[in-house]
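Structure, as structure tokens:
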Amino acid sequence: MKLVIYLAGQIHDNWRGELMQQAQERNYSFEFVAPQTDHDRSDDIGEVILGKQPSNLYRDDAASAVNNLRTQVLMAKSDVVVAVFGEKYRQWNTAMDVSTALTLNKPVIIVRPEKLIHPLKELSNKANVTVENIEQALEVLGYIFE
Amino acid sequence: MKLVIYLAGQIHDNWRGELMQQAQERNYSFEFVAPQTDHDRSDDIGEVILGKQPSNLYRDDAASAVNNLRTQVLMAKSDVVVAVFGEKYRQWNTAMDVSTALTLNKPVIIVRPEKLIHPLKELSNKANVTVENIEQALEVLGYIFE
Amino acid sequence: MKLVIYLAGQIHDNWRGELMQQAQERNYSFEFVAPQTDHDRSDDIGEVILGKQPSNLYRDDAASAVNNLRTQVLMAKSDVVVAVFGEKYRQWNTAMDVSTALTLNKPVIIVRPEKLIHPLKELSNKANVTVENIEQALEVLGYIFE
Amino acid sequence: MKLVIYLAGQIHDNWRGELMQQAQERNYSFEFVAPQTDHDRSDDIGEVILGKQPSNLYRDDAASAVNNLRTQVLMAKSDVVVAVFGEKYRQWNTAMDVSTALTLNKPVIIVRPEKLIHPLKELSNKANVTVENIEQALEVLGYIFE
Amino acid sequence: MKLVIYLAGQIHDNWRGELMQQAQERNYSFEFVAPQTDHDRSDDIGEVILGKQPSNLYRDDAASAVNNLRTQVLMAKSDVVVAVFGEKYRQWNTAMDVSTALTLNKPVIIVRPEKLIHPLKELSNKANVTVENIEQALEVLGYIFE
Amino acid sequence: MKLVIYLAGQIHDNWRGELMQQAQERNYSFEFVAPQTDHDRSDDIGEVILGKQPSNLYRDDAASAVNNLRTQVLMAKSDVVVAVFGEKYRQWNTAMDVSTALTLNKPVIIVRPEKLIHPLKELSNKANVTVENIEQALEVLGYIFE
Amino acid sequence: MKLVIYLAGQIHDNWRGELMQQAQERNYSFEFVAPQTDHDRSDDIGEVILGKQPSNLYRDDAASAVNNLRTQVLMAKSDVVVAVFGEKYRQWNTAMDVSTALTLNKPVIIVRPEKLIHPLKELSNKANVTVENIEQALEVLGYIFE
Amino acid sequence: MKLVIYLAGQIHDNWRGELMQQAQERNYSFEFVAPQTDHDRSDDIGEVILGKQPSNLYRDDAASAVNNLRTQVLMAKSDVVVAVFGEKYRQWNTAMDVSTALTLNKPVIIVRPEKLIHPLKELSNKANVTVENIEQALEVLGYIFE
């Protein structure tokens, strides 16, 4: 049995790479998928495909249409979602991914620093497990196959 | 035919009161429901019911459990969700409500200031309609019955 | 028991008014809902609410967002969909409404002239009943309560 | 991870062949499925299987029954739907496929020429992404695996 | 709380009338709905609406299309299905109604004579309760409100 | 807006009566439904309707068929489930009701004494809120309408 | 792409064997599954596993429980259902399988002799395609991969 | 075709090992998954990952969150659930697993000693098949592939 893990969340440090490397070291049988993590590419993709848009509003809407399609396809294939929240940025799309996954009956592990306990409390309460670092998230994932 | 509208979102000004008053002036046939808008009550409700919790983490989790139950009941009764985002606070629970509603096939109108175009772009792209003020949201609601 | 009937389809003659009048004459207990039938209002509604858009593409997208929200709300309330196709115009949104209703497990009656048998064959095959005029559609509706 | 792409839409030029060839050149890991693209075969299939029907109405209904079964099986296997609209013909079955896919929570990319912006506006607004040519559609598909 | 009961099944004696009268005598708060019980009307309805069909096959298909629409609407409104099987006739549409209801998560009470135990065993095993006469079915219904 | 509350759980004391009385005193707008609380009637109902069964196994199966039908109908009408666990008896049907409700996306409040924390931990973790007495459960219900 | 075909229906001649052999000759890529076709084994299986039951009623119920579990597992894996009705026997479990499949959104091909047109009319109208022999059913299946 | 079987239930003897060994001896093509069967590990896992919790209540909640995530992932992959109840312990999580599986339309085989007939009667009535030992459960599983 192979599980697909969707790695939602912030793209400001290389947490996905670290998590994937640790998973490999432990010989875990997971396939990882994720949103576009190249921030510029993610912001540009709408105009790359559709051409110059009339303003930032339309530029952002065109990009997010393509990004949302990507997320929808990959999340449909996923068995678990790991979502990492950081202290910077709004990260509403991460909250969106968590809530979509939960409503679709996919289990979610939230990773967030202690400072974010209060603003994330409703999402944490709905998620299956909330932890503070990716090692802990990986331990939860590994526990599935024990 | 009577529609129930869930008013998700920020609780830092009286936008719900204004929207409801304007709806009444226009004789719209809506019933409005909303999350707890008394911020202190919302934060305290877990300990009010369950007693003193061992730390802020558990206090927040207890409160959000009760708030999430409330939201789940009222959103299940709703036909449309109006979600207002403001510039202050993280508002991840608002993003959660929007995404839950969309996944449950309930239409969503997002109200957000121009400054939030970029961080809200994925949610806006998924929502049915995004506007900048509650008068516009009300016009969309009114259009249903024209 | 009261049933809600969604009247999808072309807006180039007053078939909805005729159908509703005949239903009233027969004392049928239906509540009828429909898309916006004022064609100009339907095309303008996006700019009326959101202001002038940068081109016809965005103007059309803004209008259809509001029209789609309306349809989604009213169809969710409906028990049966009657869809009338005429010989003019593309009417892809009518085909969209029929297919959405069928996928949501709502019964559909298609009304179409003989000339449209061939291009509508896949939709007709999926719909519950296909007839040629609104009197026939009304007879089907009336049969539910016999 | 392998994705299945359903290629809905017009059968008046070889757009499917071009798209598949370009996908192969880019080494994309997709499996493509499609409706019957031999137009005569598609129209005849009912009588081929069931024998001569009493009139065109029944001939068309018999053919569309088999075509709809095919579409239902293949779309159930698909992860993304690409739908191409052309300027000729009614293409109501293409609109039907798009709407079915969206209601089943499958992402849809619409390809349509500029002239069809207005009649396709409601479908475009519901679809994930709308583009003007198959190269753009392919770029969207490729972006999923970046 | 008012419950709607769909009375599926054979139309060869007046079991529906008896059941409804007994429910009235016991002051039960049920609304009863049923398929067309006038057998000729049920067989004719397709041609009554669509006109003379080319053969019995098409005549039967036209009639069953209208009958199936009726059943779909009324069953969607129902809380419980009571299905009575008799010793005459094939009654495959009754089996169809039972199975549809069960798959839609609606509880089903089957009423059948002892002689039909063996041929109905798979349906009985899936149904909630199987009894031998309508008095027993009514007792089950009444028990809901005790 | 009126909510229906299903009162699942033990029938060894009059907690339902107390909860309903307190709800009335607070003028809460709830309609309460519940399983059969007359224990003998609940155990006998199968044989009352179907006659003497060949052994206790069949007697119990006949009774639980009728009880399960009742629960299925009433839970389908409910907006919230309150489930009370006591220290006596196995109460597996209560656990079944809680889990069914949660899987059907209905919110659940569990009431259990401190001694049952450990054996109920998986159910509590899935439920929306867990409290220790019915006053607390009622406060959660009342909070929905604040 | 490999499809799984569930072969529902009568077990009084070797139609499944013929269909599978013809599929093999045509090199079709299908995996076929079916109910237990050994009639005695199907009737005995309950008592084989659970031991002697107190009467035929309980013997039949025990057997159908195991048969229904088998059907539920295999149908969940299937992409298309082919159901053959013959002139003998009640075959209510075949009607049950067809209706379950249709409600679960699985396409169904019914095979029935001309004499059964009338009693099967409601099921035929709901099924995707109705034919008169297994060669025709196989042609429909083969058409999926053309 | 390979089936995944989830082995829910008590962990007080090695029934899973025996069942798996017998399945292997019969060359059955099943993949078995199960909850954590190391009781201490199951109780400790929350604190192992999240650190010392303030009391047993929070310790149990943390552990059950991780255990529930595991169950949710593995049950989603399963085709059949076998649930063994023993005479010791409350086993409410086993009842929870059974009810979740049934509500998700997954077939369930319950294994329980004769003494538990009465307290398990509602669950048994909902489950597909109830037997008394694992050999019988294995025979039911084997019957799927006959």
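Lettered A, B, C, D, E, F, G and H in written order, each chain numbered from 1.
Criterion: a contact is a pair of C-beta atoms (placed from the backbone, for glycine too) under 8 Å apart; a residue touches a chain by one contact, two chains touch by 3 or more.
Please read all numbers here as calculations on a predicted model, not as lab measurements.
Counted as hops between touching chains, the shortest connection from chain A to chain H is 1. Shared numbers divided by all numbers used gives the overlap of an interface; between chain G and chain H this overlap falls below half, so the copies present different residues.
Comparing A-H with the candidates G-H, F-G or A-C, the pair whose contacts agree for more than half of the residue-numbered pairs is G-H. Spacing of chain D relative to chain H, judged by their CA centroids, is 43 angstrom. Averaged Cα coordinates give chain E a centre that lies 38 Å from the centre of chain H. For this pair, chain C with chain H, the centres built from the Cα atoms lie 49 Å apart. With touch defined as above, residues shared between interfaces to two or more other chains in chain D number as follows: 65, 68. Of all possible chain pairings, those that touch are A-B, A-C, A-D, A-H, B-C, B-F, B-H, C-D, C-E, D-E, D-G, E-F, E-G, F-G, F-H, G-H. If you check the complex, the residues on chain H that touch chain B are 54-55, 58. Those residues of chain G that touch chain E in the complex are listed here as 56-57, 60-61, 63-65, 67-68, 71, 89-93, 95-100, 102-104, 116-126. Taken together, the chain D residues at the contact with chain G in this complex read 4, 31, 33, 36, 38, 41, 45, 48-50, 65-66, 68-70, 72-74, 76-77. In the complex of the two chains, the chain E residues touching chain F come out as 1, 3, 79-80, 105, 107, 109, 128-129, 131, 136, 139-140, 143-144, 146.
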